[in-house]
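Two complexes, one shared chain (subunit A), two partners (subunit B, subunit C).
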Partner chain A sequence: MEKKRWFVIIDALLLFFAAIPILTGIVLRVLFTPASEGIEITGALIFTTVKMPWGELPITEAQINSWLVILSVFWLCLYLTHGITAKGGSRRQYLCEWVVEKTESLVQENMGEYFSGFAPFIAAVMALSAFSSLLSLFGLFPPTSDLNIVAGWAILVFLLITFYKCKCGPLQYLKSFTEPVAFLTPLNVISEIATPVSMAFRHYGNILSGSIISVLIAAALGGLSSLLLGWLPGIFGEIPFLQIGLPAVLSVYFDVFSGFLQAFIFAMLTMLYVAGGFPAELYAKKQVKKSQKKIKIKK
Partner chain B sequence: MLELAIGIILGCCALGAGVAMVAGIGPGIGEGNAVAKACEAIGRQPECKSQVTTTMLMGCAIAETTGLYALVIAILLIVWAPGRLVDVLMTAIG
Partner chain C sequence: MQNLDVISINLWQILISLCNLFLLFLILKKFLYKPVKKMMAQRQAALDEQYEKAAESERAAEMDRKAWAEKIQGAKAEADRLVKTAEARADRRSEQIVAKAKDEADGILRDAQSQAVLEKKKAKAEIKREIVDVSAALTEKILRREISEDDHRAILDSVLSEIGEENDGYQ
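Take a look at the complex of A and B:
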């Protein structure tokens, strides 16, 4: 009995810790939002600027919010894995087992046996991206609609791709630019650079366009309701009735569906690019040669 | 004269954003084709529905890239460019 009570208390604490970052985000948002009238489409708020040797580093809402998402997901993961047993049985254990199995099978399918260690990374990218986009449901600034955040992820993926392309040595990597014909080298270089750029722009553009359209439609509905229902007496004329509920229908598409879809696509492209950039056959040949050399030396 | 110059800057930024979004035609046609073919494929082989859907979503996402480039350019032209260009004008005038 005592054990069960502690279990519940720890559960509640973990959920509480997961909720704290979001509450912090809301409080920061309320404190720092400048008073304004009408519709305004702005980028991330700048909280403060930190002086660095190379200039001033602005600390924006996007950075803070993405750290808050990371913290929140961390506590949520601890909550989901709290009290799992070999026997199973609890609902949350089924949920996290389902997540882990799905990601592992996805990675196996798309990247092959060699990359099976990628599952945690892919799951992390997906969770971070999806929960970042979902932040807009709380009225917070979704970090994914800031180009800097998504560009950071894209650069990380680009480094990974380059690392796996260099697996057979840097010379092999440089040689891969001249294929299939030597005069295509500039085009290959451009397409190499276009990979992270298009990944970042795709994610950022989708989320940002969704939030802009949501703001525009909410404003338009407000204007429409004051036009249609403005004749109502007293305070009823000032309440924008059409704004109640209707924008939420669009939000299901622009925030929830689009957010999940972009997270999935980002993770999928990461897998495809990393697995596609890895010269598997050459690497296998090299490994065989290495092992043969070792055997010769031993003899 | 200054008003005219600023007016030209603002107008051309808005015009440029509008023209940039003409690029939305391409992804529209392309994704329409992709979805049509996916529907055909599902009609032929209903058991492959989930795989076809996943592949189609991936393809749509990649086909969307050009449209999104145009969108980003349009957003930059509307949100960021006017202020910047007016600043440049002001410093040029002195």
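Take a look at the complex of A and C:
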């Protein structure tokens, strides 16, 4: 009995810790966002600016919110894996098993056996992207609509792509730019650089455009409402009745659907680019040669 | 409070975001994938063990079944053998009994026959003697002086034996 009670208490604590970051974000938002008049489309709020060796580092809402997401996911992980047993049975165990198995099978299908260790990374990309976008449901600034955040992820993916392209040696990597014909080299370089740029801008643009469209439509509906229903007496004339309903439906699309979709697309592209850039056959040949050499040395 | 521009690029922010993603990767790996995979490995091990156990018990059951089948086969053969020997013994015994009975019956028959023959002979001899006595007495009375008794008897004997042979022929 005592043990069971402790189990429940720890569960509740973990969930509470997972919820705290979100609440903190909301509190920060309420405290620091200045009351705005009319339509205003801006980037993230800057809390403070830190002096750094090269340039300045503004601590923005986007940064804070992405940290909050990471914290939340961390506590959620602890909650999900709390008390899992080989026997199974609890619902959260099914959930975390489902997550692990799904991501692993996805990675296996899209990247192959060699990259099976990529499952946690892909899960991290998906979780960070999706939860960041979903923060807008709480009225928080979604970090994914800040270019810097998404650019950071894209650059990490670019580093991974380059790392796996260099698996057969830097010379082989440089040589791969001259294929299939030498004069296409500049184009190849451009397309290489375009990969992270396009990934970053795709994600950022989709989420930001979603919020911009939402804001524009809400504003337009407010104007229409005051135009059509402004004749109502007293306070009724000031309530934007037309803003009820439609923005919620749009939010389901722009915040929820688009958030998940962009997370999935970003993860998918990561998998395809990393696995596609890896010269698998060449690498396999090299491994075979290496093992042969080893055998010779042993002999 | 200031706001960032809608499109703004800051190297430090990009770097921090990069580190954030890597950090989340590490967190997920350590706190979600590792325990879940460990648990799955445990489950797999338990499952394998169960299967092993089941296969083993099945093997044991199969062996038991075979042993029992063999035993039953043996018992059947034993029963057959017993029945056969019992039958054979009974047959022998009955034959013996029948043979003995036949022997006894034959003995009895033979005794009876020999008895009968003896009786007949006895009776014959008796009758012969009486006839001889009677005829002797008769002839004595008729021919008292002319024939000595011995001659008389010899003649009659020869006659009677003739008759007897004729009678034997009838028999």
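One rule holds for everything that comes next: the second predicted complex is superposed on the first by the 299 of 299 C-alpha atoms of A that agree within 3 Å, B and C clash if a C-alpha of one lies under 4 Å from a C-alpha of the other, contacts with A are read in each partner's own complex, and residues count from 1 in each chain.
In this section, a contact is a pair of C-beta atoms (placed from the backbone, for glycine too) under 8 Å apart; a residue touches a chain by one contact, two chains touch by 3 or more.
Keep in mind it's a predicted model, so treat the numbers as computed, not measured.
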item: Clash-or-fit label for the pair subunit B, subunit C on subunit A; value: fit
item: Which of subunit B and subunit C A:88 touches, first, second, both or neither; value: second
item: Subunit B versus subunit C as contact partner of A:268, first or second or both or neither; value: first
item: First (subunit B), second (subunit C), both or neither touched by A:151; value: second
item: Which of subunit B and subunit C A:246 touches, first, second, both or neither; value: neither
item: Which superposed partner A:208 touches (first subunit B, second subunit C, both, neither); value: both
item: Partner chain(s) touched by A:198 [first = subunit B, second = subunit C, both, neither]; value: first
item: Partner chain(s) touched by A:125 [first = subunit B, second = subunit C, both, neither]; value: second
item: Which superposed partner A:74 touches (first subunit B, second subunit C, both, neither); value: second
item: In the superposition, subunit B vs subunit C on subunit A residues touched; value: C
item: Which superposed partner A:97 touches (first subunit B, second subunit C, both, neither); value: second
item: Subunit B versus subunit C - smallest C-alpha distance in the overlay, whole Å; value: 6
item: Footprint overlap on subunit A, where subunit B in one structure and subunit C in the other make contact; value: 41, 43, 208
item: For the subunit C and subunit A complex, residues of the former touching the latter; value: 1-25, 27-29, 31-33, 35-37, 39-40, 42-43, 45-46
item: Subunit A-facing residues of subunit B, complex; value: 57-58, 61, 64-65, 68-69, 71-72, 75, 79
item: Of all residues in subunit A, those that touch subunit B in their complex; value: 41, 43, 198, 201-202, 204-206, 208-209, 212, 261-262, 264-265, 268-269
item: Interface residues, subunit A side, partner subunit C - complex; value: 32-34, 41-47, 52, 54-58, 60, 62-63, 66-67, 70, 73-74, 77-78, 80-81, 84-88, 96-97, 99-100, 119-121, 123-125, 127-128, 146-153, 155-156, 208
